[in-house]
């Protein structure tokens, strides 16, 4: 039991600290790596919450795909010869103020609310079978549409990126 | 419903065609024209199938079981809406012997006008899309048995017409289009009011025993279906049925067009391109008289009885006034437009007779006016295409230059005069026989027969001024008809002649329904008024 | 793998609030990133944070509310959309870069005109 | 019942010309010989009709063959009962005689036209038009009901329109054809009204069924007045078609058509259709209606005769004489001389067709010169034409040994007897006066054309006798104008087979007190007759034998007495007329011009055709045109003006409301706009165009919202 608690706090610290660095560091590359850590941490929460499959997807898609994409973006938009791949800030003070207030309200709400929770939490149902079934039955349409969206996004991205070069 | 949805098919086929036309890329004008032509031709084929499956012994009118090719399903259903409880609107279409001839006419005229549209080269895509939408609207008007549906089709038909006149028309097209549009809209406002009034007065019992307000026009024909307090209910001693009748009648009368609401017609005709004139005269005008027969007569039989003299009187005015106005025109198209006014007067007169022979004559006249006037407009189109003028006095002696064309002209003109052997004769004489057989309008009928005299006068005078006499040398380059024009005129000529010699083709189609209507009109006024007052 | 029954006990013990707190913090940080960053790529990273916080909420609520796999599926879809979104966004960023020769959002104020 | 298939033969005869019309019209342009096909078809029809007429008259003279079929069946309704429209054919003696006349003259005209029209650019079209005319005319002949009569009536009008306007390039021709059609329509208008009354009351168009109902006492609208009115209205059709006063004006103009057409249509057949119609409806005419008809006939015979005296166009003279002779026939029917009226139709058809064809021959020879003042002395150049023309002239003048004498004398005798019986002597007087004038103008025409010295040497020089194809019809018609074809007694037709065996006056079916007194049977056969009628209705309403009541003996007696005085009188006036003509134009004892000068107003009046055309133009044509122009003005100015006016009013109103809108409503709006503009200047500060600023604001608003909700909401 203690192990789980330790694990939880471990993930929590990784996530929040690295997230903090993501939004504060000047160096884009650092930010990207910190983002990777955050994503790892979130994947850990998924595992704790019994969502093994989502955790795996998180790792593969986010860490393996999106993050790489972002780093590509960084490299393409900053001249490699530019040694400091840094970026500045703006609106720092109002941003901090507002976000702080927002976070305060959010956490206040969180504490005030009572959540409807299944009293004895049932053991998590493991496995891909359930997700697969749902995807093929109830969520087929969404699934298909998402497929299409991905395709369109792919083509769209390619065409947008190409357009200017002509 | 164990038959193919032929009526839906014939109604919505043009919409499919319209989508195809819209999807075709810009350069393929020919493909667009061919699409329109194919769609309208398919409509004729479907109309033929419908005709072959039509049961001549079923009457229709107010009996839902004797309508044919019925398609009925719930279209809109909302429950728990304020005091109305349930709003339901049915998709309810079907035909009887009164709408069947109109259906055939619409299919035929649409095809002919599509042929005639071949040489319109301005914004072809838009034109054909609009045209096909128009055809859907017209078909829908003639097959709807639900007032709401009818109203929708009525308006659907209006909009493309506005653009077809306003974009592809002549020099004063904007004026004409606006006039047409506002006039018709003016009429449909009345119609809308009456429709809502009837809706709130008439209830239909569903299978579950629940009573809901209904747009079903067949339910509106039975006094038992009305609520006690409905504003247009015969049970309500303070009902407004008379005013509603006049409003509805005015809405339709504008379309006929009945004097004094007729002045949009000459303008619209003169400015519209030839195929649109053909549609306008061939089909659109019939909607007015059809509407009166379908709505005013069976829904308000007791008031129809009261105002019957006036209907006949307006019919007579239309006949004589239209003919006299036609005589004074110098524009060929305007002349034919006024002759339309005159000919539609026969329809009104025939309807007012309330007997089989007169109403048969009226409906048959609707069909014949459709074919013959379509021919007349095509004929004007032929010389307008060649000479770019329509002034009657600018021609002369075309018979020498274009003999075959003049042959068709002669047939069409004599058809309009009502020469035996051409279908117009049968309908006109039936109208007179019917009208004279009905005591109250006997005198009006006799006066109306002056119309045939005047008709001969202006038609022959025109024939002489344009086609006979010495050839005006200005026009010695004009070519006789080409293949496309043959294809437009020959089918109409054949139909006109066949129906002139053996009218039973068409009369058989409508006969049972006409008799049913006559019986209904004979007995139901008592039903309506005995419950009420 | 993890022992299922003990994991459930642990989750009951620790409660939903912790997860929500973390997701709330992530969300706030994400917004902060979006708001304050100059570089467009960095803004994108902020958005990713926001999305992740939402995903945590989905999964956590589904787990505690015993809604089966539905929450997980929602998270899955979000991930997929995030992938699509970031692809498009990067394409746009590239374009912006080609046009303005930098990707600093504060200098791109065409919207003002 | 019959050994001879009359109905099929009749159908074939009817359809043949129609076939000829269609094929000649369709292929006439390609195949130059199409006219021969058409002529052949008509000749075939003639052959069949001779056969049919012979069989009918010889073996079935007392029978009436009827065949009908339902054309349009309108089912039945509770309120109005069963309604259907029948078509049918009826063959009796009148039918076959008329059939023979039509077919014969049509054939002769076809033959004549082959030469006469040679070289015309629409040669085949001309023959096809002749075909449709023959078809329509035969339809009238065969019909047994009023509707079919009307249908073919109109078709005849159409074919006459086409033929009169055959040379439509001439404005006068197209004018004439239009006039003919429209004037005929005026008559048809009355006829249609009559038909409406007929159908509204009897629900059938069939003559026999209507007669049967009337004889049972079913009157239109239960009044004898309407019976009379119906008869007169139906007769209006005849007024139009037979060019009776006051609708006679179209016929002289119709001479614009080719001359053979005038012979066929405007002399022998179409104009006789009116008389034929009157013959058909004869039984339902009341005494008053008959008196009206007789009056119309008398006026129509008198006025044109006076006009014909002064005309100089050879065809115009003949046209007016035609109207005059048709007036005779109508008058004969009006005074109850049914048989003589129809008999005169037949004989007149032959000699008038002959006269027209003869004039055609003259015109052909003179290279389309029609003015008789340009002719003269043609006797030597055109011997055959002259001889036949002389015979026809004698016939029309009513000289013994000709057919014309037989029929005309009969009519005059009937009118005389009628005058004696009823006191209306005016008909006889006018009849004799017309006979005098007829003889005069016919011989004036003959002398001016054929005798004397040629007045136009050049034209005379080129004149030549027409080819055989043109003279042969003349000869044939001349032969048919001899008495021997109708009776063996050259002085009285009464004993001849035509009148004795073939033409029998049908019994009147109108109530007895509405008839002429002499048409009421005095001896007591009545109850029996009534019984017979009922049987007839039930069994065979068409049987001829039931309808043998003709006139009272009183009438037969009067006719017998009138015969000799009338004959001598008519001979005398005819001789007088011819004598005058010879005095004035042959021997020139009296100078015609001087005579004309001495009665100048009268002469002018006659020369200008009593100013009928001018009057009609003034009163009706211009009146209608004026009215139509006024209405068109009314329509475009007043009716449309109201429409446009309401549009203008609406527009002005909208302008007004627009002004209101601009200054009042919009003023407020602008005020608020100014305010918001000020506000905008203020808030603009926030609008940096940077996305992030916006996001901050969004989050700020969100925070604010959450704050509010937390404190006040939820």
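First chain written, first letter: the chains are A, B, C and D, and each begins at residue 1.
Just so it is clear, a contact is a pair of C-beta atoms (placed from the backbone, for glycine too) under 8 Å apart; a residue touches a chain by one contact, two chains touch by 3 or more.
Note that the coordinates shown come from a computational prediction; the quantities given were computed from them, not determined experimentally.
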item	value
Most centrally placed chain - per-chain CA mean versus overall CA mean	B
Where chain B and chain C are represented by their mean Cα positions, the distance between them in whole Å	64
Centroid distance [mean C-alpha coordinates] between chain D and chain B, Å	35
Between chain D and chain C, distance of the C-alpha-averaged centres to the nearest whole Å	98
Averaged-CA centre spacing for the pair chain B and chain A, given as whole angstrom	67
Residues within chain A bordering two or more other chains	90-91, 95, 98-99, 102
Chain D residues counted as touching two or more neighbouring chains	690, 692, 696, 699
Touching chain combinations (by label order)	A-C, A-D, B-D, C-D
Residues of chain D touching chain B in the complex	71-80, 83, 147, 150-152, 154-155, 158, 161, 165, 168-171, 174-175, 178, 181-182, 185-186, 188-189, 192-193, 195-197, 199-200, 624-625, 627-629, 631-633, 635-636, 639-640, 642-643, 647
Chain A partner contacts - residues on chain C that touch it in the complex	1-2, 4-14, 16-22, 24-33, 35-42, 44-46, 48-49, 52, 55-56, 59-60, 63-66, 68-70, 72-73, 75-77, 79-88, 90-95, 97-99, 102-104, 106
List of chain A residues in touch with chain D within their complex	90-91, 94-95, 98-99, 101-102, 105, 108-109
Chain D contact footprint on chain C (complex, rising order)	31, 34-37, 43, 105-106, 109-113
Residue numbers on chain B that touch chain D, as the complex places them	179, 182-183, 259-260, 262-264, 321, 324-329, 355-357, 360, 397, 399-400, 414, 419-421, 425-426, 429, 432-433, 436-437, 442, 445-446, 449-450, 452-454, 456-458, 460-461, 463-464, 467-471, 503-504, 507, 511-512, 514-515, 518-519, 522-523
